Amino acid sequence: MSLKKYIIEFIGTFFLVLTYCMGIFGKVSTDLHPLAMGVMLMALTYSMGYISGGQFNPAISLAVFLRGKIHLKEMGFYIVAQCLGAVAAAFAVALLISAKPPVQPIITPIYFSMVPALMAELLGIFGFTWIVLNVATSKSLEGNSFYGMTIGFALAGLMYSLGSVSGSAFNPAIMIAACVAKLSLWNNLWIYLVGGFGGAALATLAYKYVLNDE
Amino acid sequence: MSLKKYIIEFIGTFFLVLTYCMGIFGKVSTDLHPLAMGVMLMALTYSMGYISGGQFNPAISLAVFLRGKIHLKEMGFYIVAQCLGAVAAAFAVALLISAKPPVQPIITPIYFSMVPALMAELLGIFGFTWIVLNVATSKSLEGNSFYGMTIGFALAGLMYSLGSVSGSAFNPAIMIAACVAKLSLWNNLWIYLVGGFGGAALATLAYKYVLNDE
Amino acid sequence: MSLKKYIIEFIGTFFLVLTYCMGIFGKVSTDLHPLAMGVMLMALTYSMGYISGGQFNPAISLAVFLRGKIHLKEMGFYIVAQCLGAVAAAFAVALLISAKPPVQPIITPIYFSMVPALMAELLGIFGFTWIVLNVATSKSLEGNSFYGMTIGFALAGLMYSLGSVSGSAFNPAIMIAACVAKLSLWNNLWIYLVGGFGGAALATLAYKYVLNDE
Amino acid sequence: MSLKKYIIEFIGTFFLVLTYCMGIFGKVSTDLHPLAMGVMLMALTYSMGYISGGQFNPAISLAVFLRGKIHLKEMGFYIVAQCLGAVAAAFAVALLISAKPPVQPIITPIYFSMVPALMAELLGIFGFTWIVLNVATSKSLEGNSFYGMTIGFALAGLMYSLGSVSGSAFNPAIMIAACVAKLSLWNNLWIYLVGGFGGAALATLAYKYVLNDE
């Protein structure tokens, strides 16, 4: 078994989570957080996607598995590598901000409410997965050079659209790291897991059903 | 009749309208609203344009019809699918923001005035349609890989330029959804319809006349 | 003589100037002005460059002439078309903002000083022309698909870098329009003309001398 | 010995440093500084990379040397050219801002602390070098058209992520210029040198070890 692609997933998810968490403490205002995440994901996808597929997201790994592009066992290793990268980033964040004055940032929005948050997660990850499946796995778009741009800017657009409701980056690994870094509450994690994996599964089913001859 | 492309237009317009409306309640300041719309449209165009043409805009459907690329009946179905997607998004917005404190956002700018607004709509949609027709239907640019970037960033640029006058995203379907979501007034809708379809028709005529041998 | 490319230069410069001037009245904060200009120029270059070369800037027309790609007479017509488009945009701006409360915007920065402003113009247009000549006229990069992105983002980067000193968009036609629209002073126009044409000429000489075997 | 590529490195680093330093005085709020740097680096990479490789960064030159793509002597000339360009830009900045009121900008963040800053430098330049090596030197991605976008947006993403800790642009030449321009302290320079060259060397080793059959 080649470890290479799992190392790549570890590194990619590490930098994605670092950008997500540091943006909350750092000089990125909330307004630019989605853009920072989008350009980072774009750079990671373009530079490492050729090795591992550039998923960096357990929900996308589930979608790629349901689409029949990776095996169940492979999916498991992908998700483990992503979660390890995410948790490693959460610890790096703790070290990086140690010299800062104490703040109380919290991703979960102020008017957080379960139903809208779950709906935002489902919609957001449905849209993200749908876009990823089309641009990265459709026969008609094979060999295109804009997949990284599309995936990165789709994340930015969806975060601008739904980010204020759920506070999310539509990626369960990121939300686990956010709990470790005390930026979100463990009690709310199920929303991001149900919304994340549920939205990805729905998008894959819709993709298969609507575009069956693709 | 294949439903596929109409489903695609429904989904694409849904997410475009979601980004437009949520941006007004959400954490996108007005300054980044055009950029959020631009990157979203880019991602939607690149990921779904290969199926339906990626119009997501009744005015563009009119232009594509006048350019002779789709039939009248097809245009009708496109516009119906887009409007259904837009209205569905307006209802999703109502659910998503239900947990928020009451606010009174309004797209129509404060110093709204009929003549400048109509002029801004006409100019904006003229420019947008002109750019779309060139980058997506000109023989000389056939097979280019930058059509999504061009279309998305054209929308962003034009919203930065004219958005403060008419409050628009140069898309009649979006403005219908904005009225449903109580972000704009039904009384003003005619400005966006006349400006939208008029500007698109003028751009198509200009395109045919100026670039007739294309 | 085919009028087509001059009409294209008129339209392109019109929308570029519209974005420049409206950004000062509109909802683009000064922080996003360079980005709005960059994405607009990118969209205009990608969608219309195949017809006219997509110059939209008298200084670039001078550089393209000195590079030997167009004749003197052609350059003259290009510059006339650009200036007409720019002035038309200045009048459109006056109509578009007529419903707004009176404001006193002024492009010329507060601590405007002749020597730094002239230096900023020379440096900015040198860099812009240098980048344009390389990406659009070098044999080694012939047929590349990133010329529009490079040119648009070069403008954004240079405006972020030097815009606070001279207030400029490194384009003499834009500054003429800014004077017409009363956003800049006629007395200072010579700085933008000398800096603009001088910087473009220097960049073309440097390009020819340094990269002579290109 | 052809001077051409060293002149290119001089020019490129000059404009990169200009964007970095002017952004601190100019109208770029700290929020948009990373984006301004990213789009500038993208434009410089796309327009000049075909001549010199478009490194504009001593740490990247070290990585390219360790990767076996340039000789030791070549690396030396690259670094000298980059540092000369950087220092020239620092002097240009002094002239450009001479007309401004005295300010006390300082890149070094307020809660600057040695360990987090060094860690941020190491992480940031590790990620940047890793992305550059993959997108620009991997066989599988040879001839891709997205290298400039990837490199520019990687810088923006990493600056959004780690910029608030070390204040850096992950480029030793820029930090030397920042000291010359009195935007940073000479006493702290070693952090950026150790972090910069150390991170780049580690990334090259990791690249060779992990992706050895590439």
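A few comments on the model shown:
Labels for the chains are A, B, C and D, by order of writing; each one numbers its residues from 1.
The criterion applied here is as follows: a contact is a pair of C-beta atoms (placed from the backbone, for glycine too) under 8 Å apart; a residue touches a chain by one contact, two chains touch by 3 or more.
These numbers come from a predicted model, not from an experiment.
Each step here moves to a touching chain, and the least such steps from subunit B to subunit D number 2.
The set of chains in contact with subunit A as well as subunit B is empty. Relative orientation of subunit A with respect to subunit D corresponds to a rotation of 90°, obtained by superposing CA atoms and rounded to a multiple of 5. Averaging C-alpha coordinates per chain and comparing to subunit A, the farthest chain turns out to be C.
Two copies of one chain, subunit B and subunit C, touch each other, and the residues they use overlap weakly: the shared fraction of interface numbers falls below half.
The geometric centre of subunit C is 28 Å away from that of subunit D, both derived from CA atoms. The distance from the centre of subunit A to the centre of subunit C, with each centre set as the mean of the Cα atoms, comes to 39 Å. Each of the following residues of subunit A touches two or more other chains: 31-32, 35, 145-146, 149. Because contacts link each chain to exactly two others and close back on themselves, their graph is best described as a ring.
Subunit B meets subunit A in the complex at residues 4, 7-8, 11, 15, 18-19, 22-23, 25-29, 31-32, 35-37, 39-40, 42-44, 46-48, 50-51, 92, 95-101, 145, 148-149, 152.
Note for the complex: subunit D touches subunit A at residues 30-35, 38, 111-113, 115-116, 119-120, 123, 127, 130-132, 134-135, 138, 140-141, 144-146, 149-151, 153-154, 156-158, 160-165, 210-211.
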